[in-house]
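Please read the structure below before turning to the comments.
Think of it as A, B and C in the order they're written, each chain with its own count starting at 1.
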Amino acid sequence: MTGLTVTDLRVVYPGRPPVVAVDGVSIEVAPGEVVGLVGESGCGKSTLARAVCGLVAPAEGSVEFDGEPVTPLGLRRRSPGLTRVQMVFQDPYSSLHPRRRVGAQIADGTRAAARLSGADRPAPAEWLERVGLDPGAARRYPHEFSGGQRQRIAIARALAAEPGLLVGDEPISSLDASTQATVAGLMRELTVAAGAGLLFISHDLSVVRLVADRMVVMYRGRIVESGPTAQVWNGPRHPYTQALLGAVPLPDGLGTLPAAPPDDVEYPLEPVLHQ
Amino acid sequence: MTEARRTIAGTTVLEIADLRILGPGGREILRGIDLHLVAGRIQGLAGESGSGKTMTALASLGLLPTTLRASGSIRLLGDELLGMRARQWNQVRGRRIAMVFQDPSTSLHPMLSIGAQLTDHARIHLRIGRAEARDRAAGLLARVRVPDPEGALRRYPHQFSGGQRQRIAIACALMCEPEVLIADEPTTALDVTVQAGVLRLLRGLADELGLAVLLVTHDLGVMSAVADDVAVMRAGRVEESGERHQVFTAPRSDYTRALLAALPGSAEGVETLDDVRALVAQEQGKLA
Amino acid sequence: MNKIATRRRRLPAAWRTPLALTGAVVAAAWIVIAVLGPLVWPHDPLAQDLPRLAAPGAGYPLGTDALGRDVLSRVLAGAQVTIPLALLLVGLSLLVGGLLGAVAGLFGRWADEAVMRFTDLVMAFPTTILAMVVAASLGASLLNAVLAALIVSWPSYARVIRGLVLGVRTAEFVLADRLLGFSTARILRSDVLPVVAGPMLVLASLDVGTATLLLSGLSFLGLGARPPTAEWGSMVAQAVVNFDSWWLGVFPGLAILTVVMAFNFLGDALRDALDPRTAGTIGEGGAL
């Protein structure tokens, strides 16, 4: 079990001129590891997330999970092996089917896992409990829940498929601030306990810092800094990472204005890697 | 209506007293809000979704949906605003109370030039000519640090970045030298590096112009960076209100305390993975 | 916030308009007439035993035609021809157009290009003329008329369904289902169909009127129903020859008019009922 291996990935969106969203990215997520991917809008992190799951096709490079190439979603049904790569989307209001019961949607996840091995699996009610919801809620519909609760349901559905890799594409950005840390923590606990890897993508560095083992910083389609979270957070070496960290306002009540880089600044694209 | 435009720092400019808003069917949306906006100070209004903070802002702008009924008092330098007719609100909105909203891609009219958007309402409100309005607009664009102000007047919103559009929106708000600026999630849609610049701008404007600012946001980090006073709302009530430092480091209400405890970076907040695990366990415990 | 959607206790607002009720009643009446068939015909529509070209009067309320047949009976019998065929035509167009549109929307790229260009090709021809050509070359008969009409009617369904499917396809819950290994059939059935069903029903009900006109038109031109079949369009054609016997053309014409209008009103009501903004129902989103 080798986990996720992305090599020299390049994703280009058509247009005049074509937009290079991901420009030669190599990244790995080992089973049981949590990798936090941060960056601002347009850096390519969402595109990278989609490429990892096969939702967009790469122009160059490769995405492999446990040695098997992750083929882009095509006409055919997803092969059972590849359902081991699951995703939690940003918007909890559009990632659940609006007209099916919550329990049925979680059961879809369980069914995907059952395609791989027919062993007995937890019922949807148990998954609801694991993500911090009332197990009796399985009979309800998504619109009866708040945004935060819907996100937990989406997480339950993804984890019910027993993935080897869970990709969270801004999974906490639409949630209330008071629940962001809890949901991020929940994702980490459940994923790591299952022996799976978690690729946690967010623009919110403070929360990523809490749950990620390694932190990877993206800028303009490339990785500019990467290393163990504590090292990157306490001693960032790339100017972009330094600017990014310096701009985060802390809720400490001290009235410190965050450092503001000029609007049109451009940072070097060469990466800095911590060991 | 008073003629005075420049208010002395420290004067209470906007006074909201016992503001109540009822929705259809008698549902209580706001349950008696008291708030003061002081010239030169940024009043933060924090709260999660559904707390009523945006409703408070809308009520102060006379932008509540007509299906809602408001009672209480909102006084602008002594003039009662609640219950004013549309025509009276048109004199106040944009001129004495200005606003900046969240989404920079929809806060500016996509088909009008920046110059037109900045000067149109100012010319009507202030009865100044085109040339004078343009000069004023260029001056404000320079103050909010939009590069090449003269050229910018001729350009259109889509030619600017999100952060610049938000600055332009702020400049637009300042054209008539308002006494109050209401900003509802002004930086939420911006990248954090861009947000930092806009926050500094807001702080600078409050200090230099003696503006009374109401900053509505769910982001307590933003609150901590620029607000002088903080009010925390929940379910239509103000749970806690006071000076920023006190609210953040020695909150009096359990709700505020719990809110801060769940945030990384706050005084008693989550700092390590163990803290997060404790939060998660605490939540499981509540359900059991 | 977590209320369970309650059942509607009254007819949804969209259905309570006079037009909707009129449409429903008239359409229902015609369907009943078509179903009951011979039970409601005063005379045999094919029997030529009455005085010829008699004006409306006792014994034959709508008059008689040039061959001594009772117009009322023929008009009522016409319902048994036109309505089932119009509904059949709409159903088939929905099926063919819907499948092609769904394929185009789901599979994209080549499939999309192929289907859409084919759609464009068919739509480039004037509808009635193309139907006439096809019907003429196949030989005049009601079934051939339906076939001809089908060929010109499916493209609009294909276009609309393709648009709806494209919208759904990129919806995140569909992506999530695909990642979970749902088969294409399953995606169509449980994700796409619920979204597509409503608008399709509206389109279909509005189209019954058009189908009726098309089929009657083809019969009027002699390309559909053949004598002695009692069909409204061909009855109008025969009336042209004896145009001073006004009752020969007016009553079949009125029959066509009322059927078309009834289904148009129904379609409008359906559309309003499904649009959450105009539905005015309690519960989630408004529906039938």
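The definition used in the following text is that a contact is a pair of C-beta atoms (placed from the backbone, for glycine too) under 8 Å apart; a residue touches a chain by one contact, two chains touch by 3 or more.
If you're wondering where the values come from, they're calculated on a predicted model, not measured in any experiment.
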Greatest separation from chain B - chain, by CA centre: C
Nearest to the mean of all protein Cα atoms is the Cα centre of chain A
What pair of chains has the most C-beta pairs in contact? A-B
Calculate how many whole Å lie between the centre of chain B and the centre of chain C, each centre taken as the average of the chain's C-alpha atoms. 55
Using the average of all C-alpha atoms in each chain as its centre, how far is it in Å between chain A and chain C? 49
Per the C-alpha means, the centres of chain A and chain B lie apart by a whole-Å value of 32
Check: chain C positions touching at least 2 other chains come out as 1
So in the complex, the part of chain A that touches chain C is made up of which residues? 53-55, 73, 75-80, 83, 85-87, 89, 91, 94-100, 108-109, 111-112, 115, 140-141, 143-146, 154, 157-158, 161
Under the touch definition given earlier, write down the residues of chain B that touch chain A in their complex. 48-49, 145, 147, 161-164, 191-197, 199-200, 203, 218-228, 244-249, 258-260, 262-267, 269-273, 275-277, 279-280, 283-284, 287
Chain C residues touching chain A in their complex are 1-5, 107, 171-173, 175-184, 190-191, 194, 284
Residue set of chain A touching chain B in the complex reads 40-41, 129, 132-134, 147, 176-182, 184-186, 188-189, 203, 205-207, 209-211, 243-244, 246-264
